Amino acid sequence: MTPEPLERMRQMVRIRRFEERCAELYSQTKIRGFLHLYIGEEAVGVGVMGALTDDDQIVATYREHGHALARGVDAGALMAEMFGRSNGCARGRGGSMHIADVSRRFWGGFAIVGGGLPIAVGLALADKTLGRAGVTACFFGDGATEEGAYHEALNLASLWKLPVLFVCENNQYAMGTALSAHAADTELTHEPRAHGIVAERVDGMDVVAVEQAATRALEAIRRGDGPRFLEFMTYRFRAHSMYDADKYRDKTEIARWKARDPLALYAEYLLAEGLAARADLDAIDAAAMAEVDAAVAFAEQGGLEPIEDLTKDVYTHDVSARGAP
Amino acid sequence: MTPEPLERMRQMVRIRRFEERCAELYSQTKIRGFLHLYIGEEAVGVGVMGALTDDDQIVATYREHGHALARGVDAGALMAEMFGRSNGCARGRGGSMHIADVSRRFWGGFAIVGGGLPIAVGLALADKTLGRAGVTACFFGDGATEEGAYHEALNLASLWKLPVLFVCENNQYAMGTALSAHAADTELTHEPRAHGIVAERVDGMDVVAVEQAATRALEAIRRGDGPRFLEFMTYRFRAHSMYDADKYRDKTEIARWKARDPLALYAEYLLAEGLAARADLDAIDAAAMAEVDAAVAFAEQGGLEPIEDLTKDVYTHDVSARGAP
Amino acid sequence: MRRATYREGVRTALRDALRRDPRVFLLGEDVGRYGGAYACSAGLLEEFGPERVRDAPLAENGFVGAAIGAAMGGLRPIVEIMTVNFALLALDQLVNNAATLRHMTAGQVSVPLVVRMATGAGRQLGAQHSHSLENWFAHVPGLRVLAPATVQDARDMVLAAFDDPDPVVIVENQVLYPTEGDLDEDAPPVSPWHAIVRRPGRDASIITHGGSLSKSLVAAELLAKEGIEVEVLDLRCLRPLDVDAIVATVTRTHRAVLVDESWKTGGLAAEVCATLVERAFYELDAPVARVCSVEVPVPYAKHLEDAALPSPARIVDAVKGVLHGRI
Amino acid sequence: MRRATYREGVRTALRDALRRDPRVFLLGEDVGRYGGAYACSAGLLEEFGPERVRDAPLAENGFVGAAIGAAMGGLRPIVEIMTVNFALLALDQLVNNAATLRHMTAGQVSVPLVVRMATGAGRQLGAQHSHSLENWFAHVPGLRVLAPATVQDARDMVLAAFDDPDPVVIVENQVLYPTEGDLDEDAPPVSPWHAIVRRPGRDASIITHGGSLSKSLVAAELLAKEGIEVEVLDLRCLRPLDVDAIVATVTRTHRAVLVDESWKTGGLAAEVCATLVERAFYELDAPVARVCSVEVPVPYAKHLEDAALPSPARIVDAVKGVLHGRI
């Protein structure tokens, strides 16, 4: 039994348990604002993160708890952030949509759809210019591909041959609008190809397939070939956000996708291949539950940022004093 | 001798002579602001306009004198507009970049690059919704294809199957930036195809080829197939605007393209095919010169819009009075 | 007359407009199948079909531009930009096209466009989802800007905007959608272009709009308990401002507190203040005070967000300030 | 010290910054091969190469966002947005990302970004190429805004902005580029964050910035011939405003005329006026007057454009108005 296979399982389970708890905490009004769950899509974040190194950069969206956890952002700091506490990763200023941990090169959730894409281009430009090895992995949804920013970012990354891994999480809905209602061409790999970017569509429910595709793409990027594009076919098992009554999707469609739950698929694979025993999986689950409990406890005990610090960090320093720099 | 072949020549010559005069008038400070000449690209505007009907709509850019003239906008009203006179087509409020004549369904020069594309989508949506026969021809440059608005407009037009003819005037430069320096993929037909739009690249120096391609595309659009895309390879013989020293282009490149002057090419063809005699061409030239002279005279004699009318037409009516609608 | 929510007020008007004129259509992200992010168009797709209640892809610049073109071409689009935060992507089309075309073509082109959007903070949505920015729209000649603060106005203003031949931006403060009020669905719309005194008073004037009206009225109640009677003026129309009404209230009370959820620097309150200086300077017995948002990207945590926004307590303090010479 | 044009002032600073720090790069449409639409970067491509003087495709939202990302990643981008009119396409990135990221991440993310852009009217460029809008940027916490009005400031402010760790927007009024003035290329930059009295006076204060400074100085000359001595304050930094300097000049003169090329409603002058009311109300002997652009999309024809913009004659009139009680 190699450690890697179980590690993938561990990460997916951590995310699932964490977010299930988030949903409960939302009902208990411990978490507020917008809350977008990643449940059902865990294989994408975990598979891609598994292929990245510490030097790589991550840009994510408002649906980024999974990415943050898989990248090693502390679950307690993440939960505390959603509680709005000063021990949160952004001291409560960001909330669910703006998780950032720069020490992990996790640059944050960007909540304007498409808004993270140009940022990723810039991070990659910095790596390339400064001769650093990093690749920037940029996550975004199918809906984001209709924004002008997407087009501009693809062109810039390709034109400047930048080390960007574009990761399209095609869960086939932009909020309540189905892919076919927002995209004239639903083959999302066509557009990056029209910008000279090699693009591949991959099963996003199979964590191993995700990781392998990401690894291949990253190799090409690290050779200096410029950006690559991966489209992962996936599905969110929950509504778009806690405000969404989810009336626009067919029950049978949801059921069909739930039958391909990435956690269940991978568990089956591990068991079938003899890579894990049932007890291993139970232990992973127990550990994840314990981690979530600890995260909640950590968040509960967090203080509130003093109101005197409200305007702290708007600027690095004050320039209005005479003689200021 | 059919009238049509000579008509194409007439239109191209009118534009050429008109704009040559514009350049002189600019030096004489009769025309001010930005002035972008179409010289060298006349075959595109003339060929496409030749294929349109009166019901069709036109959206152009800041480089739109040629399109306006070919569409039948009065040369005098056009010149007067550039003189800033009240007999100009926009009473002097628009200037060179904002020529509009709604009676000809010529909706204007749009001077924000890419800004006319969504407008064209909307005009086409109106035609389709109201059951009118029109197609909207939307002109834009190679540079515009990097703007997000371009991508958004292509998707909307294709998704909603709208009667739009996208006309890309690929003169291979966006101001001083060569196509290869602004486009990762210099095959500009790839992108519309990635949006499910049939796209074709055509010689933009051959007015007949332009007209034929436009005619074919319009037929398809009128059948209800949705938008089409034509890329015309062309070249501007002059600088980007009157402020441009044109230092970024190779002299030999310019010479190579000038050797394919659309007017000369078409004149040769007419003569070779016996469709016109030298005297016909001379007569066309003389008529064009006379028309330009008359346009200048018309402009010269125009008055100035009264300053009391400065804020007229900002709104249709005033709402601030009590009892206003 | 019945009780209804603000979102029902909007919905009623949208339905009316769709029924009244076949050229009307709704356009925006999730206005159809989903029923609108704030449920303002719930049920309308079913009644009017997908051509008249048209879901847009995520392409704010594109679909706003398309709406402008459609308006030019003879349709009457009513656009929903989900929130003002995303409207930043569409400003080129609104400012460079919608606002300029009539004048720039000497009246040849009309843009009868209505653009509705949710604005404001107060729901712990964080810095990228809590902007106000109605002052930006109010800065632009060629646009009109309406800010409904009541359920009736939420309805009336959509209809009035629809009747107007020029582009109108309607800013709907998102905290208002679930609030209730009286709604007369048959009333001929009251002119939306003028301010309304929502509470008469003599000691000072609170001048406000949109989501800040209810906070101002709460403050007025609190002050009344202490014997201070403030007049509360709801601006309603932010461009053009109802200068006469602004001057009139201050001519009655001689003191003004401006309440506005935008950031203070360069917010709408600054313009109201300048208007008072230009038109009612000698009526002022004390400096005008502004109660606006603190100059910070709105934070997520509730206590921080609350501290960043205008509140009844801050308004009460400001009124006492202008009454007692403190500012 | 030498005579130089404003564009040379900018260019000198860009060259200095590029030489000083290998992390600096220029980014914008036509900044390289073309040398900049206003020739501010002419010659720099040749000196520093295409990676450090980087031509951008026409994609304002994209390349401004990329610059923000590059700044986050350790570079020091100096972006040129050809004109503010096109900056409308990039406002999402500037307002939702550049301005929020530091606060929203509790200081984890820095965005040391400089964005320069040409602004203003006066060159018969018509409604889509004549915006001011510096008041919009000045409204946004997280951004700083500089408006160089002199050749020296054109240089100094680029360098100071570059030294600042936060995003700075520099608005360069396009009529200034060919104007000449003194330039000391070796001077340590004067703090750009404070206003400067460009002409002392006792009878009234003209408070202005950018392209309106020279018009204000001309008006001051004309008034001096009639024995009226006005003080002219150049704001220089539009966010944060130098409140102390604004208060100080009016404390000396007791009358103020605000000159600003933006449209009057909600323009920068409104904020200066509100600042005066809040901080110097009892110093004011007359209502403050504003000389701003007329509320119209700027027309092409010269006589109409001239009539739409602030002019020395209008400033003179306004000063006489505040002196004689007319407004």
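Going in written order, the chains are labelled A, B, C and D, and every chain counts its residues from 1.
Just so we're on the same page, a contact is a pair of C-beta atoms (placed from the backbone, for glycine too) under 8 Å apart; a residue touches a chain by one contact, two chains touch by 3 or more.
All values derive from a computational prediction rather than experimental measurement.
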Could you find the chain whose CA centre sits the greatest distance from that of subunit B?
A
Once you count every C-beta pair in contact for both, which comes out on top, A-C or B-C?
B-C
When centres are defined as mean Cα positions, the distance from subunit A to subunit C in whole Å is 35
Could you tell me the distance, in whole angstrom, between the mean C-alpha positions of subunit B and subunit C?
39
Cα-centroid distance, subunit A relative to subunit B, in whole angstrom
45
Dist(centroid_CA(subunit C), centroid_CA(subunit D)) in Å evaluates to 30
Interface hub residues of subunit A, defined as touching at least two other chains
90, 93-94, 98, 110, 112, 115, 146-149, 151-152, 155, 159, 181-183, 311, 314
Contacts with 2+ other chains: residues of subunit D:
56-57, 59, 61-62, 85-86, 89, 92, 96, 103-104, 126-128, 141-142, 295-297, 299
Which residues of subunit B touch subunit A in the complex?
146-152, 154-155, 158-159, 181-185, 190-191, 193-197
Which of the residues in subunit B come into contact with subunit C in the complex?
57, 59, 89-91, 93-94, 98, 100-102, 107-108, 110, 112, 115, 117-127, 129-130, 148-149, 151-153, 155-156, 159, 311-317, 319-320, 322-325
Taking the touch rule as given, give the residues of subunit C at its contact with subunit D in the complex, in rising order.
61, 85-86, 88-89, 91-92, 95-96, 99-100, 103-104, 126-128, 131, 133, 135-136, 138-142, 239, 241, 262-263, 265-271, 273-274, 276-278, 281-282, 284, 286-290, 295-297, 299, 327
Which subunit D residues qualify as touching subunit B in the complex?
29-30, 33-35, 37, 55-62, 85-86, 89, 123-129, 294-297, 299-304, 307-308
For subunit B, which residues count as touching subunit D in their complex?
32-34, 81, 84-85, 90, 92-95, 97-98, 110-115, 143-144, 146-149, 174-178, 181-183, 244, 247-248, 304-305, 307, 310-311, 314
